[in-house]
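Paired with chain B in one complex and with chain C in the other, chain A is shared by the two complexes that follow.
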Partner chain A sequence: MRNGPRVILHVALAAVRENVRNRFFTLFAVFAFAAVYASVLAGVMAVDQEGRVLTDFGLTLIEFTVLAYALFNASSVLLREAETKTIYLVFSRPVPRWAYLAGKLAGSLATSAVMLALMGALHLLLLRLRGFPPPAYYAWALCGSLLKLSVITSLALFISLFSTSAVSTLVISGIVWTAGHFSAETGFLAAHSSGAKAAVLKGVLLLIPNFQLFNVRDLASALPAAAFAAAALWTAGACLAASWLLSGKEF
Partner chain B sequence: MSAPAVSFSGVGKTYKRPGLLSSRYTVGVAGLSFELRRGEVTGLLGLNGAGKTTIMKLITGLLFPTEGKVRVFGHPPSEGAAKAKVGYLPELPYFPPQVRPAEALAYYGSLSGLSGSALAAAVESAVRRTGLEPHAAKKISEFSKGMLQRLGLAQALLHAPDLLVLDEPVSGLDPLAIHDIRGLLSGLNSEGRAIFLSSHSISEVEKLCSRVLIMVRGSLARTVERAEWESSPRGLEGIFVEAVR
Partner chain C sequence: MRLLLAFAALLSWTAGGLFSSVSYRSQFPPPPEIHVPADGASGDMLALAFGARRLFADVWFIRLMQYYGTPELEEGEQAGEYDWLVPGPKSEAEHERHEAAMNGEGRYPEFLPRSLHILQIDPFFTAAGLYSATALAFNMNRPSEAEELLRYGLRYSPREWKYLKVLAAVGYSRSSDPAAVAASIAPLLKDPDCPVMLKQLAAFLNKRSGNVAAAAAIYADIAATSRDPSYVRNAERELRLLAAGRPGR
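Moving on, here comes the complex of A and B:
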């Protein structure tokens, strides 16, 4: 337990270094910059709504790009380390497994934060070049994306511990991500259903995080404290479940 | 009286392979009882699938026994107190290819609780002892198999463990690398460290070890002391062949 914070720091730093060196990261960075530039073209085609389209399209592309990177990383990292036996060199040392997991999550989130900041800066620059002021909620929008990424990355790490492959982790995480953006609709359906159908829908509402909580565009204001609390609870819950699975896992 | 480096009491490990309708069970090792003495070099011989790697993983806490009790310096292997005293070299270790050896070693050293000048000194010492100094500026992607094996040994030595668990330490190495690693292991043993190594090379085990455990299909078939194979006209190889047939 005493080793925990030190291990988290070292594992997180190593994860960030590895992510930054990884060619996969470079490919995503190139793709992201191209995607943000494409949003400028889309904005031009929107005529009188250019500012709004440019902002929304750019933010969506930034979020999807970082999401794709975070999910690919989270779904394969533990599997890859087990296959290459790198994990043997870690878990044969006095390293608490929960701390290793927390370090991997922290490293992945730090990488995601760097990607969000870099692409956000480029996006703002493009907005400025097109003559639009930075939207008032812009930093909150990126913050909301990071909260979403925190939840989905921790869930993907948890799923990767019992799924059979990185692909199945990606698919399950993708379903959770999509369903989590339709929580209001699911709630509506649950309220207007009865019997087993209502029970299933209510179960889905309980099990799947409500990602709409983190959409600043829906709120048109700063993120409320409830969004931070929800993200912290979902992330902590997923991490605890993942730690429990990892503690009994053999290599 | 101090606890032995390792003790196995009636240890069994059964692997469960989940299937669609039912699970399949495979016995890795069964009914294992033995001790590894402090400061001794013990070899582990056996054919493929005899349970050698299973034993090493049970000692390092990577696997959990399904029956019996494993103790490492008196502690369960999953406890930090046990792991702090063990250095482990898995068969064919992997390191991130884009880093240099000192960086990889610094990472593993920090996970072993080293920091600051103690970490720097441990990395420098491990690099020197394993003969990696001339290759310190290279990236790991440029390393040969022998150099990777030296790096694997270096990471196991960082925290000055009392017990080294080495899975096939000379597998696939050229004669010069084998000679160097043998010299290194002899030096480590002369410092009082216990070494437990598995190998398919009977001649290497014969040169290094004072005692050998022979595994046959998951069970301990024989324990042979150096005096026994030295006095036998068939040598260790003859004893091994007789045990596994």
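Moving on, here comes the complex of A and C:
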């Protein structure tokens, strides 16, 4: 237990190194840069609202690109390590399983944060070149995206421990992502329903993370303090569940 | 130990859900308020599913501008018959039609539903609300529709002074008081959300009421800040005419 933080740091650093060397990282980065640049074209069509359109396109594309990479990474990392037997080598040493998982998650999130920061910087540069100042809420929007990624990546790690393939993890995580953005609509339906239907909908609201809480990109405002607390609780919950599953596995 | 882990996981996850349900209140219109145009349902679905309301509102706004920027055909006219738009000698009727199109006049029956839809997706898109209300009230002479749109915007942004100013201007335009209209929209002109169409209207009203200096200042602002080349060209032309002491019509 005492060497837990050291293990987390080592695993996280190794994960970041591995992610950055992965050719998919480069591919995603190239795609993101191209996509952000393409948003300039959409911005031009909006004439006097070019600044807003350029900002919205860029922020959405950045989030989707990092989401795609984070989900792909989280859904395949444990499966890949089991296939290559690397995980056996790790667990033959005094490495706590929870620390290994936490390290993998920290590495994935650190990579996501780097991608968000790099693409955000490029996007701001584009905005600047087009003559627009950075929007006041820009850093909050990126921070909200990182909180979303924290929840969905930890959940994908958990799902990957019981799903049969990386694809099924991706699909399940994608469904949770979509459903999480419908929380406001689900809440509306629950409020206007009664009996068993309302109970089911309220249960769904408790189980599906509310990604709208982090979606300040749409509100152009600062993140509420509650968003940080909820993200921490959901991430911790998914990590604990993944630790529970991993602790029952034989290596 | 394993059981404890599972319990802690469940507890933490549920606490997150409870926390969010207590602290989150949606600021967007509920689903029944979103009236989707026939060909836009899938786009709206994606807007909600991906948490990208702003982006899809932008797309709807671009589509609205394209709709409004497409000249309307007369009865029996074939698509592509836009000869009256081409620069060159025109008959009196063609000239009138060209002027009307350049001033944004026309029927555009879908203009209000399309404009309302943008605000239903993103009720905080003030610039879109102002643009649409200005076009409806002052270009298409449909002040009641402009008021309906502004009132919808005010439901979600009740303290939005820009909506209130335009609402007042629409009211003055009904009582044919151009000076009051110009005075009402004057505070809006330096705001980044102010549609260039509204600036042009203010310049025109000032010019007509003899306030040439104010009109010139507004035209100069349009020429310097607008990214719409047609407005910039018009502003530059007006500035030349004002400088020559020959204010246009």
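In this section, the second predicted complex is superposed on the first by the 246 of 251 C-alpha atoms of A that agree within 3 Å, B and C clash if a C-alpha of one lies under 4 Å from a C-alpha of the other, contacts with A are read in each partner's own complex, and residues count from 1 in each chain.
Here is the rule we use: a contact is a pair of C-beta atoms (placed from the backbone, for glycine too) under 8 Å apart; a residue touches a chain by one contact, two chains touch by 3 or more.
Here the structure is a predicted model, which is why all the values come from computation and not from measurement.
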Which superposed partner A:142 touches (first chain B, second chain C, both, neither): neither
Contacts of A:91 with chain B and chain C, given as first, second, both or neither: first
Comparing the two partners chain B and chain C, which touches a greater set of residues in chain A: C
Contacts of A:124 with chain B and chain C, given as first, second, both or neither: neither
Partner chain(s) touched by A:183 [first = chain B, second = chain C, both, neither]: second
Touched partner set for A:240, first chain B, second chain C, both or neither: second
Footprint overlap on chain A, comparing chain B with chain C: 248
Contacting residues of chain C [partner chain A, same complex]: 1-2, 5-6, 8-21, 23-24, 26-28, 30-31, 48-55, 58, 61-62, 65, 122, 124, 127-128, 195-196, 226-228
Complex contacts: residues of chain A adjacent to chain B: 3, 6-7, 10-11, 14, 18, 21, 84-86, 88-96, 248, 250-251
Chain A partner contacts - residues on chain B that touch it in the complex: 57, 60-64, 80-81, 83-84, 86, 88, 90, 92-96, 98, 107-108, 110-113, 115, 155, 159
Of chain A, residues touching chain C in the complex: 42, 45-50, 52-53, 56-57, 60, 64, 178, 181-185, 187-189, 205-213, 215, 217-220, 224, 226, 229-231, 233-234, 236-241, 243-244, 247-248
